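Each of the next two complexes has subunit A plus one more chain, namely subunit B in the first and subunit C in the second.
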Partner chain A sequence: MSVFYSLTLIALAGLALLLLEAFDSKRALRYARDASLGLCLFVALRLLTGNLNCSSEALPSWVSPWLSFDPLAQTFVVLGLVSTALVLALLRIGESYIRQYTLGGSMSEFYAIPMIMAAAIGFMAAARDLVTVFVALELVTVSFYVLVSMARKSALCLEAGVKYLILGAMSTGVLVFGMAWIYGVCGTLEFSGIASALADPQIAKAPALLACGLMIAALGFKVAAAPFHVWVPDVYQGAPLPISAFLSVGSKAAGFVVLCRLLEGFLGAGSVVAAEVRQLLVILGGLTVLLGALPALHQSSVKRLLGFSSVSHAGFMILGLSSVAPGVTGTGLASFYLATYLPMTVLAFTVLTVMRAHEVGDDLSEIRGLSKRSPMLAFCLTVSMACLAGLPLSVGFLGKWLVLLGLAQAGQLAALVIALIAAACGFYYYFRPIVAAYSSSEEPRKAIEVSIPAAVLLVLLCAVVLVLGLYPAPLNGLLQLTGAPAAAALLR
Partner chain B sequence: MPVLLFYLFAALVVGFALAVVLARNPVTSALCLAVSFVGLAALFLSLDAYFIGTLQVLVYAGAVMVLFLFIIMLMDVKAEESSARSRGAQAAGFALAVLLLIEVVSISSALKRSGDTLGQHPISAPLAAKLRQQSGRPLLKGLEADLAKGELPDAKLMGEALFGRHVFHLQLVGLLLVVATVGVVALSRKDGGSLSS
Partner chain C sequence: MSPLFIALLLPVVAAVALSRGAPLKLASTPVALANVLLILGVMLSRGFVSPEVVSHVGSIAMLQSPALNLSVGVDGLSLLMALLTVVVSVCACWQIDNKREGARAEHIVAHLISAGALGAFVCRDLLMLYAFHELALIPTLLIIALQGRGESANRLRVAWKATVYLGVGSLILLAGLCWLMVSLTPEGAALVTDLDSLLKLAKEHPLPALKQAQIGLVLLVGFGTLVSLFPFHTWAAPAYATAPVSTAMLHSGVLKKFGIYGLLRVLPGMLPLALSQAWLQEALCWALLGNILWVGWVCIHQRNLDEMLAHSSVMHMGYLFLGLAAGGAVALEGVALLAFAHGISIALLFALAGRMRAQLGTLEFRRLGGLGSHSPALYVLFCFGMFASIGLPGLANFAGELMIFVGCFGHPGATALGMVQWTAIAALWGVVMSAVYGLRALRALFQGTSGSGLFLSDPPLAQRGGLVLLASLLLVAGTCPWLPLRLIAPAPKDKPAAGAVAPKAH
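Moving on to the complex of A and B:
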C-alpha cells in the first residue's frame, strides 16, 4: 500500500468518527476511537519499517505532480502520525476533565479532527510546491482554531481561541503575500524551481529578499518564533492540555517541514540571498531562544512554562537550520531536534493531564508535595524537565549540543553566547517544578491513583526518552536529511 | 482600457480599502469593502479576466458582503469606542504599516519594466489552442470549439484547471470546509442540548 492511500484512509477514518456520533452508541464510539489511535500508530510503524510504498509511481496521476514522499517527508509523516496518536491517547486520559468544559459534554470533534490533521501534516510534508503547502497548512490551522476553542465553557479557553484565530488569520495573510512575491520573483511556486531561480545571478535581489522575509515571518508564527510568539503562552494556557501538546509538536512539525524545504531553496548552492537569509535566521533564532527563556524564569504556571519552553526550543531549531557544520545538514539537525523534542514535551503534558484529571492544577504551588502523592508522576515530571533542560546524557542534551557545536564551527559567536545563556536559564526554570514536586507541602493531600492506560503511556514515553538519551543511534540517520530536489530525484 | 480608467479604479480600490480600516462604524466598513470589491472587479475586466471579474461582483460584492452585513447587524456591533485603543500601540502599528509600505513601494518601483502595454499583447485564441495542443493535454470539446471561433473560454478554462489539474487541492479544500463547518456547528450550539435530541 502506498503512503498516500494510507494517509487518505486516516482522513476518511476521521470523517467516519464524526459520522459515528450520529448513531449515539457509546460503546461503538469508544472502540472506534481506540481503533483510530491504533490506525495512526500502525501506519507510522509500517512506514518506519519500510513496508509502505513511497515511490512516486505509487501515487495516482492526479496527485503525483504535487506530492513526493522523499526521506524528509517520510520523517515528518511519522512525526505527525505519532504526535496525533499521542494526542488521542492524552484526550482519552483527560476526557473526564475536558468534558466539563465542552458544550453538552461533547468530545467527538476532539477525536475526529486530529485524524484529518494527521493526513494534512503528511501531505504538507510531502508537498512539492507552495499551493499544496498552503492548502494543507490552512487545513491544519483551521482545525487548530476549532480544537483550541472547543472547551468553550472556560473563559481562558475562549480568550485563547480568539487570540489564536486573529493572529493566525493575519499570519496566513502574510504567507499569501510572501508567496505572491515569490511567484513574482521566481516565476514558479515549486520548491525545485525556487531554488534554481534564486541561483540565477541575474535575479532581482531586493524583491527576493522581501519574499524570503515575508515567508519566514509567516512560518515563524506557525513554529512560534520570536517576535511572532506572543500568542504562545496565552494559547497554551487556555487550550485543553492535549491540544496544547498537539500545538507544541504537531503545529511545530508542520511549520518546520515547510521552513526546511523553503530554506533549502533560499540557502541553496549559488543562491543570491543565501548570506542575508542565513544572517536573518541567526538573528531570529537568537532572539527566539532569549525571548523564550527570559520570561519563563518567573512563570508559576507549568503550562505557561511549557509554552515559553516551546518558543525557546523553536529558537534552537532555527539556529540549527542556519548551521553549516560538515556531515550535518540544517534540515537534518532541525528534524533530529524535533524528533527528540516530541517525546519529552509530550511526557510533560501527560503528567499535567493525569494531574488535571485528578483535579490538581498546573500551578507550582499545587505541584508541591507531588512525590508524596504519586512518586511515579513526580519521577516522570523530573525526567521530562531534565530532558527539556538538556541535562547531559538525556535526549534533550544532544540536540542542544549539536546546535551549539554548529554555531561554534560557523563562527557565530554572538548567537553562541545567547544560546548558552538561554540554555543556562533553562536549568533554572525547568528545575523549579522538580524542586516543587519533591518539597513537602504543609497540608496533607490525598494520593493520586494513576490509571493503567495513563501509567502505560508514562512508562513508554519515559523509556523512549531515557533510552534515546543513552543510545541515540536510531535517530542518527535524521542528521543527514535533506529536502533538496537532487535527493528527491535519486529517490525516484 | 485607457490609462485614466485604470487610475480611477485603482484609486477607488485603495481609497475604499483605507476607509474600511479607518471607519468607526462596522456597517460603514462593510459597505466600503463592497465598493472596493467592485473597483477590483473592474481591474480584473481590464485584464481580460471577465470570468473572475464577474465572480468578484457576484460572490464577493454580492454574497459574501451580504453575509458580513447580516452578521454585523445580527450581532448589533456598536461603533467602536474611540478611547479603547492605547496611543502607543496605535503609533507603533502605524509606523510598522508605513515602513512596510515604503519597503514595498521602493522595491516595486525599482523593478525593471518592459514598457509594453497590455494592448500590444492581445490574447490570441488560435495561439492558445496551439500551445495547449503542444503541451499534450487533451482539450475539452467545448474549449476546442470556442478557441477555433476566436473566443477565450475563460470560465471553461478555469473549470478545467480546478477540476482537472488541481483536483487534489480541491479535495483538500473540501476537507477544510468540512472541518470549518463542524467547528462552527460545535462551537455555536446551545449548551446542554445534545445534537441528537
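Moving on to the complex of A and C:
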C-alpha cells in the first residue's frame, strides 16, 4: 500500500471519529479511539519496516507533482505518527481531568484532530514546494488553535488559545510574505528550483536574503525559536498537558522538516546566501538556547519549565542545522536530535499527566515527596529530566554533544560557549524537580495509583530512553539524512 | 566478551536489584566483593606485562558514523585505579548501617558511583570516560541533597554549590576534551575519540607548544575543579563533611581521583609540552601551593574531625598536582601511587569518623578525649589512617609523596632551582602542617581523659573487616611499594632516565 493512501486513511479515520460522536455510543467511541491509536502505530511500524511503498510511481498522478516521500519525509512521517499515537495515549490517561474543562464533557475533537494533523505533518514532510507546505502547515496550525483552546472552562486555556492564535496568525502572515519574496527572487516555489536559483551567481542577493530571513522568522515561530518564542510558556501552561506535549513535539517536527528542506536550498552547494544564512542560524540558535535556558532557571511550574526547555532544545536543533561536521549533515543532526527529544519530553509530560489525573499539580511544591507517593513516577521523572539535561550516557547527551562538536569543528566559538552555558544551566533547572521529588514533604499525602495503561506507557518510554542512551545505533541512519533537492529532482 | 564489561555491569545490576527491593545483605556488599575478586582475577590473568600494554580489550559499537564505541581495556594505571575503586566500594558498602532509614538509597548510590568510576577508569574512549564520570557524579550530588547530615536548608545549599561547581567544571572539561580531540583529528577526517589513536596521533603530529598549553589550561581548570584544585576547591570540604559516610568515602577516595587519572592520561601523552610553557607551569604551581599551604592552614584551624578530614583531603590534592607540574617518569609514577594511597587512607578515615559520629553524636575536639582507652581497635585503625595521611614512612602515602618530591628535583641538567623546585620546597612545609593537625586530632580524640563522659566502643569483629582491609592495604603498599609500582612503572631494565618522559623546556 502506498504511504500516501495510508496517511489519507488516517485523516479519514479522524473524520470518522468526529462522526461517531454524533451517534453517542460511549463504548463504540472508546474502541474507535483505541483503534485510531493502533492505526497510527501500525502505519508507523509498516513504514519503519519498509512495508509501505514510498516510490513516486506509487503516488496517484494528480499527487506526484506535489509530494515525494524521500527518506527525510519518511522519517518525519514516522515522527509525526509516533507523536500522534503518544498524544492519543496521553489523552486517554488524562481524560478524566480534561473532561472537567470542556463544554459538556466532550472529548471527541481531542481525539479526531490529532489524527488529521498526523496526516498533515506527513504531507508537509513530503511536500515538494512551498504551496503544499503552506496548506499542510496551516492545517497543523489551525488544528493547534482549536486543540489549545478546547478546554474552554479554564481561563488559562482560553488565554493561551488567544495568544497562540494572534501570534500564529502573525507568523503565517510573515510566512506568506516570505514565500512571495522567494517567488519574486527565484521565480519558483519548488524546493529544487529554489536551490538552483540561489546557486546562480547573477541572482539579486539582498532580496534573496530578505526572503530567507522572513522564511526563517516565520518557521522560527513554529519551532519556538527566540525571539519568536514568547508564546511558548503561556501556551504550554494554559493548554491541557497532552496538547502541550503535542506542541512540543508535533509542532516542532512540522516546523523543522520545512526548515530542513528550505535550508538544504539556502545552504546548498554554490548558494550565494549560504554564508549569511549560516551566520543567521548560529545567531538565532545561540539566542534561542540562551533565552530558553535563562528564564527556566527560576520556574516553579514544571509545565512552564518544559516550555522553556523546549525553546532551549529548539535552539540546539537550530545550531545543529547550521553544523558542518564530517559524516553528519545538518538536516540529519536536527532529525536525530528531534527523534531523541521526542521520547524524553513525552515521558516528562506523561508523568505530569498521570499526576494531574490524580489532582496533583505541576508546581514544584506539589511534586515534593513524590517518591513516597509513587516511586515509579518519581523514577520516570528523574529519567526524563536527566535525559533532557543531557546527562552523559542518556539519550539526550549524544544530540547535544554532536551539536557542540559541530560548532567546535566549524570554529563557532561564541556559539559554543553560549551553548555550553545553556547546557550548564540545564543541570540546575532540570535537577530541581528531581530533588523535589525525592525530598520529603511536610504533610502526609496519599499515594498515587498508576493505572495499567499509564504504567505500560511509562515503562515503554523509559525503556526506549534508557536503551537508546546506551545503544543509539538504531538512530544512526538519521544522522546522514538529507533532503537534498537534487535527489528529489532526480526522482521526477 | 571482556570481563571488564561484567565488572561494569555488576554494580549497575546490584543498584537496580536494590531499588526493586532486593535484600541489602545479599545484594550489596557481596556483589561489591565479587567485583573485587573479578578485578583481582583480571590482574592475575594479565600477569606481569609492561604497563603500557592494554589487555582485556572489548568494544561495543554505539554509533557507526560518527564512530563512537564503548571500548574497554586496562593498562597498568587503569588497573590500579580500578582496584582502588572496587576496594573502596566494598568497604563503603560494608560500613553502611543497614538499620538506618535511607540505608537502601545509600547502598544504591554507592553502587552507582562505583559503576561510574569503574567505567571512567577502564574506558578507552575519551568521551565515554567523561560520560561515566558524570554518571557517577549525579547520584553523589543527589544523595548529599537528600540524605546529607544537618539541616535540610544547609545540605541543599552545600549540594547546590557542589552541583554548580562540578557542573560548570565538567562542561569546561568537556569543552577542553572536545578541543583536544578536534585539534588532534586530522583535517577532514571523522573525529577521533579513541584514547590509543589519540596518543598515536599526538606522537606523530604534535600540536604547537602554545596550543598545547592553551588546551592544557582548559583541561587543568576542568579536571582541576573536579579534583578541587585551588581556587576551585570551595565546594569540596563542605560536600564531604555533609555527605553520608559511604558517599564521602567513595567521592573523596575514588571519584575525585578521576580528575588526576584524566590528567595523567592526557597531559604527558598528548600535551607533553603544555607544562613547559612557563606561564602555565607557574599558574599551576601557585594554585597547588594554594591547596597545600592555604588549605593546610585552614585545616589546622578546624575544630571538628570531619571538617578537618574534608579539608585535609583537599589539601593533599596539591601534592598530586605538584607531581604533574614536575612531569618526569618518577614524579608521574608517584602521582599514580599517591592517588591510590590517598584514596585508601581518606576512605579509611572517613569510615572511622562516620562510625565515631554514629556512636558519639559529635566529633568536636573540645568535647572528646580519651576514646582510645575503651576502643583500642578503632584507635589503632585511626592511627594507620592518620599516619598514612601525614606521610609517615612504612605506609602507602609516604612512597608516593617521596617519589613526587624526588621527581621535582630529578630534571637532568638543571643547574638552578626553577619554579617547580621552589614550589616543592614550599610544599614540604605542608608535610609539617599535616603532622600538626593530624597528631593534634589524634591526641585530642584518643588520648588524655574524656572531658564530657563520651565513650566509644569497638565495632564487632564482623564489621571490622572493611576497615582492616583498608588499613592492611596501606601497610602493604607502604612496605612493598614495588607491588603497586609494578603495575604502573616499566620494569627497571627498560626504564628510561628520570625526566625523559616530559622534557623541561628551559
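Here, the second predicted complex is superposed on the first by the 485 of 492 C-alpha atoms of A that agree within 3 Å, B and C clash if a C-alpha of one lies under 4 Å from a C-alpha of the other, contacts with A are read in each partner's own complex, and residues count from 1 in each chain.
Everything that follows uses one rule, which is that contacts are C-beta pairs under 8 Å (C-beta built on N, C-alpha and C of every residue); 3 or more make two chains touch, one makes a residue touch a chain.
For clarity, every value in this text was computed on a predicted model and none was experimentally measured.
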Query = Given the touch rule stated above, what does A:404 touch, subunit B (first), subunit C (second), both, or neither?
reply = second
Inquiry  = Applying the document's definition of touch, where does A:480 land relative to subunit B and subunit C: first, second, both, or neither?
reply    = second
Message = For A:22 in the superposed arrangement: first (subunit B), second (subunit C), both or neither?
response = first
Task = May I ask you to decide whether A:391 touches subunit B, subunit C, both, or neither, giving the answer as first, second, both or neither?
result = second
Ask   = First (subunit B), second (subunit C), both or neither: which does A:470 touch?
value = second
Key: First (subunit B), second (subunit C), both or neither touched by A:206   = first
Ask   = What is the contact status of A:31 with respect to subunit B (first) and subunit C (second): first, second, both, or neither?
value = neither
Query = Across the complex, what residues on subunit C touch subunit A?
reply = 19, 60-66, 68, 70, 127, 130-135, 138, 141-142, 145-146, 152, 156, 159-160, 163-164, 167-168, 171-172, 174-175, 178-179, 182, 188-191
Request  = Sort out for me which residues of subunit A touch subunit B in the complex.
outcome  = 11, 15, 18, 21-22, 24, 62-63, 65-67, 103-104, 106, 109, 112-113, 116, 120, 123, 131-132, 135-136, 138-139, 142-143, 145-146, 149-150, 152-153, 204, 206-207, 210
Note = In the complex, the residues of subunit B that touch subunit A are 103-104, 107-108, 110-112, 165-169, 172-173, 175-176, 178-180, 182-183, 186-187, 189-196
Inquiry  = Please output the residues of subunit A touching subunit C within their complex, sorted ascending.
reply    = 325-328, 379, 386, 391-393, 397-398, 401-402, 404-405, 408-409, 416-417, 420, 423-424, 427-428, 431, 434-435, 438-439, 470-473, 476, 479-480
